[in-house]
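Both complexes below contain chain A, partnered by chain B and then by chain C.
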Partner chain A sequence: MVSIEVISAFIGLVLTLMVFSYLIGDNLLFRVAVYLFIGVASGYAAAVIVEDVLLAKFQSLPLNDPAQLLIGLIPFFLAATLLAKLSPRLSWMGNFAMAVLVGVGAATAVGGALAGTLIPQAQASMEALNSPSLFGLVEGGVMLTGTILTLVYFQFGAKRAADGSVRRNSIFEALAWLGRIIIAVTFGVLFAGVYMAALTAMIERLSSMFNFVRSVLGL
Partner chain B sequence: MMRILAAALAIASGLIVLAGYFLPEFTMLDQLRFILTDWAIIIAGMAVLVGILNLVSVQMEKVRTKQKGGMYGALLVLSLVVTFGLGLVFGPGHSLMRAAVEAIIVPVEASLLAILAVTLVYASIRLLRRRADVMSVIFLVTVVLFLIAVMPTPFGPIPVLGQLILGITGMISSGGARGLLIGVALGTLLTGLRVLFGIDRPYGGK
Partner chain C sequence: MPDIICSNCGNPNPDFLDACQFCQSPLKSESMLHIGEEPTKKDTGELEQILPDWLKDARQQGKAEAADDALQSPITSRVQKDEPPDLLAGLMSQADSDEEEIPDWLKEIQPEEEKGATPKPSSEAGGKPSDFFSQFEEQEPGEPTREEPPSGQKDELTDWFSQASAEPAAPFSVEETGAASGGEEWMKDLESFNAQEPEQPAEKEPEDLSWLHELEAASKKTEETPEPQRNAGSDMASSSGEDLDWLKNLGAAPAFEEPVPSQPASSEEDLSWLDQLGGAAEPAAREPAPEPEQPLFSEDDLKWLSDLGGTEPSETTSPAFTEEGAQDSETTISASKPFRTAPLNEMLSDEAMRDAAPDWLLNALEEPSMPAPGAASRDWFAEQSRAQGEQPLEKPGAPTQEEPALAQPAFESPSADSSSSSAQDLDALFDMEMPDWLSREPESAEAPSAESLPAAAPAEESLAPVELPSWVQAMRPVDSAIEGGIPGSADQVTEREGPLAGFSGVIPLAPIGSSLRPKTFSLKLQVTDEQQAGATLLEQIIAGETLARERKTAPVVSPQRVLRWALSAIFLVVLSVVIGLGLRIMPISPSAELSDLVSALPDASPALVVVDYEPSFAGELEAAAGPLLDQLALARRSTFTFISMSPNGSALVDRLMINTKVGVPLAGGGLGYQSNEQYFNLGFLPGGSAGVLGFIENPAHGFSQFAAVVLMTDNAETARVWVEQLEAASSEIAAKPLIVVSSAQAGPMLEPYVASGQADILINGLYDAAKYELVNVSRPGIARAYWDAFGIGLMMAILAIVFGSVWSMLTRFRERRAEAEQG
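Our next item is the complex of A and B:
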């Protein structure tokens, strides 16, 4: 009797080979694997949403308190109106649900950007200069300079010159050029990181294929 | 009228959540924030389901009108319906669903990431052929130096050079990454505030 693990490992092996076939060009096998993946992933996501979000929230409604129950049913009513978005004629009905979603999302994004990124990153930039050692001070200084130069690159305020051309201040232009170098180095490091992750995935896939073949052959 | 109502709803819900976030000492605002966030989770869940329904309807239309690639669409819809059905009957935590994840989702995801290793090398070569300027050279030199410093060699790690490369690139890229992060946060802040002030109305109002 073949166990479910062996079947699943075999399907994984076949799908891996089908995806790898893309290296010789876009072909039927690659497309079948990708469409199957999108279908299964979407179906799985839909099942998780229905089971763990919608049904779980619905089951937690307080049935013995009519006022609370009514408030609790409002998001379900709003969510149901989103189905109207599938019809161009009725799609306006879903705008109220979208408005709540966008409003709450925007407020959460503003709060997250301020408290989660801007303030901590600005603090970390300043604290880097508090190091007692000379090396720490140099490191903090280089990092702070890099941060400032990167931000200067994205400063596009410009004045119109006498000949009508629009140009940035020459000092800003020079700083922005240095900022481009910092950004090129940063993206280089990020690219190398992504490449290493991809290479790790490649090694993992090849190793799992190798191990499966070995186990089937009993080696 | 409907547009104004939708805008008012978005601004009011956004301001309540923001006020609850920054003024947690006002218990009422904090509770309202939690209620509205809960509502948003339910609506977002339904929005994803509507998106999946739209995907199914687009693919079914492809199959119905016998368009090119309709066969792939049929496969997508079939696999989606079967997985969703099994998920509803057995629950997403069932061993059958875990097997589907381990047999299809994980291998395909990992393989797609793996072929990225080849496409990234190809993209780097194309970059030098198409745009051989100072920035491209700095970018590619950084990539090569960083990989030399990080990759294992048959003789073990490179003694001084490796640490030196990692130190210098780490210092510069940390500053650059922090600048980019601050820039992204400023962009997010501005976009969020435009929505909260009703200047941008991505929910349907003009």
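Our next item is the complex of A and C:
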């Protein structure tokens, strides 16, 4: 008897081949696989939200405590008002809930950015130049130089020359050229990371296909 | 009749003309009041002293007999209701408004009621009228008897006139004025005359006031001439016997032997003026009176009327003047005769000026603006004289049925269907613009003043400047009315004829409105060649956008596609071979840093595992997190609590536990972790950063119990949210170990957080996982299984990049070389 694992593995194999068909070009198989993936993912997400959020919250309402019950119903009420956004005439009803969402989210993001990114990253940049080791100093120096060159590259101030042409200062022009190199290296690294991620996914797919074949063949 | 010899052409002209009828040169230009001349305020009351005696007597008599006459006519009150508005009363109101002094003689003419407590002057000579009007006064109204003039000069006109005086009858309205003076008595006759023609149309016509002036001249003449024949029963001849003289002359006019039923007066306006002087009631409201008689014509008028019966009057003759009163009447007429329009043909001969002139002015130039004084009436009389033989004369007092609409005694235009239609149009135009009283005012003002003028003065010198009342002068256009666009006074043209005679600068020499008219601009767009070229280019661009472009048919097999297929095939084949063969030839340098961290964690410590990646990255992240989860489960026996910020994340937990073999039973070679026992899936965490913060700070979730936080993500933003919220929560939470397992594409973006110490360890993709797995005794082995294929795939990519770069350089080098060879 074929187990569910074998069926799911087979389906996975077929869908993988359908996606690989994109190497030939845009075709029906690839689109079917993509649409199927998007549909399944969306349906699963909706089911998860209803089950893990709405039903879970509703089931957790303290029915014996009216005060807590009233407080617990507030999120449902605000969620219902957000549905009013579907109607232009009733969209005003969802303004309050939307304001709460945006305001709370913005405040949280700003607070987290200050405490978790700006201040710590600024301190780390300064401490990089305070490294006792030579490597640390070099590393900090490279980081500082790269930052400065990148900022200079985005400095577009220029003056009009005698011949009428508009050029940046020669020093800034040279620094900007170096900053462009830093930016190119950064993008290269990011592209390499994307390639490695995609390569890993491809290897995983090829490996799963071989494993399915081996399991089917009993090898 | 005196003639004026034109100084320009030498031709004789009638003295009533202002401009030569041959050369149109001015004959008496000094008599005009020019624009720019300061008008002298004239007190018309001064003219009372120069009133003729007959008018003074008539006024006094009228005052004395006003009360008696009011009692004699019982129907006066009825007629008074229908009394038409006195135009001179309006004149007085105008004068009052202008605070102009009203002459005494004019005040005395006013009705008694208006005078109020003004004492009624007694009539001279024992209350008897001394003038010839007394003869009418003695006749009882309504007597149809016709008095025969005692003189042997009885003629038809005399009979008619006598009849007119004898048949005032019912329409007499002496009582209307309350106290009609003796001077108004004769006007009552005129009213009766007017009332006899109720059907006459009220059309206004150019006034022929010459007969009125002739009356004045005749009255003056009577002072010198012997007393003419007296009327029976009338003692008026003692003082104004000369009136009978001209009445005698009236009889010489054969054209007025019988009263004509519908015959209009020669000067309709004169009669109306007289009606108003006498305070006459509205003629239309009166009973049918005896057939109208001819109005009181001066002997000169009658003389030219007499000529009508004989010869046709010519243009060069003046029928309205006697030789006796030539000097006086000349002066009077020069100031009071109707104006004629100036010879605008000369001024507007220029095409430009003609174009700028209004239509009405051009139309007016087509015909003489106004016939010669008396011409219209002469024409009318001529027609009437011709019609006399054809139309049966009606009895006096019988209204004509042919003309039932003659409601006013105003002078009907005798040439309604005549050839002078254009002149009438212009006259009508000016009649509309100039009220009757305005055109009549100079007459009334000048008539008595003519007597005071030196009779022996030459013709030119006797033409005294027009003395207009102040209110007329105020209405006169002045130079300041046209600013800027009017030339100087030297360039102004003085109108010599027409209603505008005496006014200078009224019609500007320049085209009318030229100075005020805005400058005209061409509607044609003025563009330069450059602008035209730009517009053409824009049109071409717009037109090009609307054209359908041909679809580029790409070849089925392009070099790029072949290259892509080739590279894909190479990669698939190579990687498949490597994976299929299970090669493990690629070296790995172990990294013990993460292993040391995990070893430092307490045993059986729970760990929070955040699954925030998409299913497409499941293969990479499962391989990257495999060694970590295996060490935690195998070495520390940690329990895992999974949570995800993505709805799909919860579905990846079970797959993760299976693929990492942590959730695989022990019999299957796994660690035997089971859901809800060794690992817990909390599912989806909504709310983004706020949800994360709420999850961290909510004591119910027991976040503090977690010994470590494992963050599995393929997105740097998601990792940043967790890092920031953990850092912002509290120092205790921030001190917990944070292990980040990221995809290779997000690893570089998360390196700063590791460098700053906010994240303890970063497992960046398969590369770090393979090193860590090597330290973890190659468990679970996923990373190592992918490592060779991963390494070969990287090298193939590097080779492809290098090969492509070299190929591109060679291609470019060959192109430059070919270009160099081609020169």
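Keep in mind that, in the parts below, the second predicted complex is superposed on the first by the 181 of 219 C-alpha atoms of A that agree within 3 Å, B and C clash if a C-alpha of one lies under 4 Å from a C-alpha of the other, contacts with A are read in each partner's own complex, and residues count from 1 in each chain.
Operating definition for what follows: contacts are C-beta pairs under 8 Å (C-beta built on N, C-alpha and C of every residue); 3 or more make two chains touch, one makes a residue touch a chain.
It should be emphasised that the depicted structure is a prediction, and the values quoted were computed from it without experimental measurement.
In the overlay built on the shared chain, the residue A:Leu137 is in contact with neither chain B nor chain C. By the touch criterion defined above, A:Leu61 lies against neither chain B nor chain C after alignment on the C-alpha atoms of chain A.
Of the two partner chains placed around the shared chain by superposition, chain B is the only one that A:Ile7 touches, whereas chain C remains out of contact. More residues of chain A are touched by B (comparison of chain B with chain C).
In the superposed model, A:Ile148 lies in contact with chain B only, and not with chain C.
Contacts of A:Val104 after superposition on the shared chain: both chain B and chain C are touched. Shared-chain residue A:Leu82: touches chain B; no touch with chain C.
Contacts of A:Phe96 after superposition on the shared chain: chain B is touched, whereas chain C is not. When both complexes are overlaid on chain A, the residue A:Ala201 reaches chain B and chain C alike.
Once the two complexes are overlaid on the shared chain, A:Ile74 sits against chain B while remaining clear of chain C. Shared contact residues on chain A (touching chain B in one structure, chain C in the other): 20, 23, 37, 41, 44-46, 48-49, 52-53, 104-105, 108-109, 111-117, 121, 124, 186, 189-190, 192, 194-197, 199, 201-202, 204-205, 208. Contact residues of chain A toward chain B in the complex are 4, 7-9, 11-13, 15-16, 19-20, 22-23, 31-54, 57, 71, 74-76, 78-80, 82-83, 85-86, 91-92, 94-118, 121-122, 124-125, 139, 142-151, 154, 179-192, 194-199, 201-202, 204-205, 208. The touching residues of chain C, when paired with chain A in their complex, are 561, 564-565, 568, 571-572, 575-576, 579-580, 615-620, 622-623, 646-648, 650-651, 683-684, 686, 688-690, 693, 714, 720-721, 723-728, 743-749, 752, 755-758, 764-767, 785-786, 789-790, 793-794, 797.
Residues 20, 23-25, 37, 41, 44-46, 48-49, 52-53, 104-105, 108-109, 111-117, 120-121, 123-124, 128, 186, 189-190, 192-197, 199-208, 210 of chain A are the ones touching chain C in the complex. Of all the residues in chain B, the ones that touch chain A in their complex are 2-3, 5-7, 9-18, 21-22, 35-50, 52-55, 57, 69, 72-73, 75-88, 91-92, 95, 97, 99-118, 120-121, 135-136, 138-143, 146-147, 150-151, 169-186, 188-189, 191-193, 195-196, 202-205.
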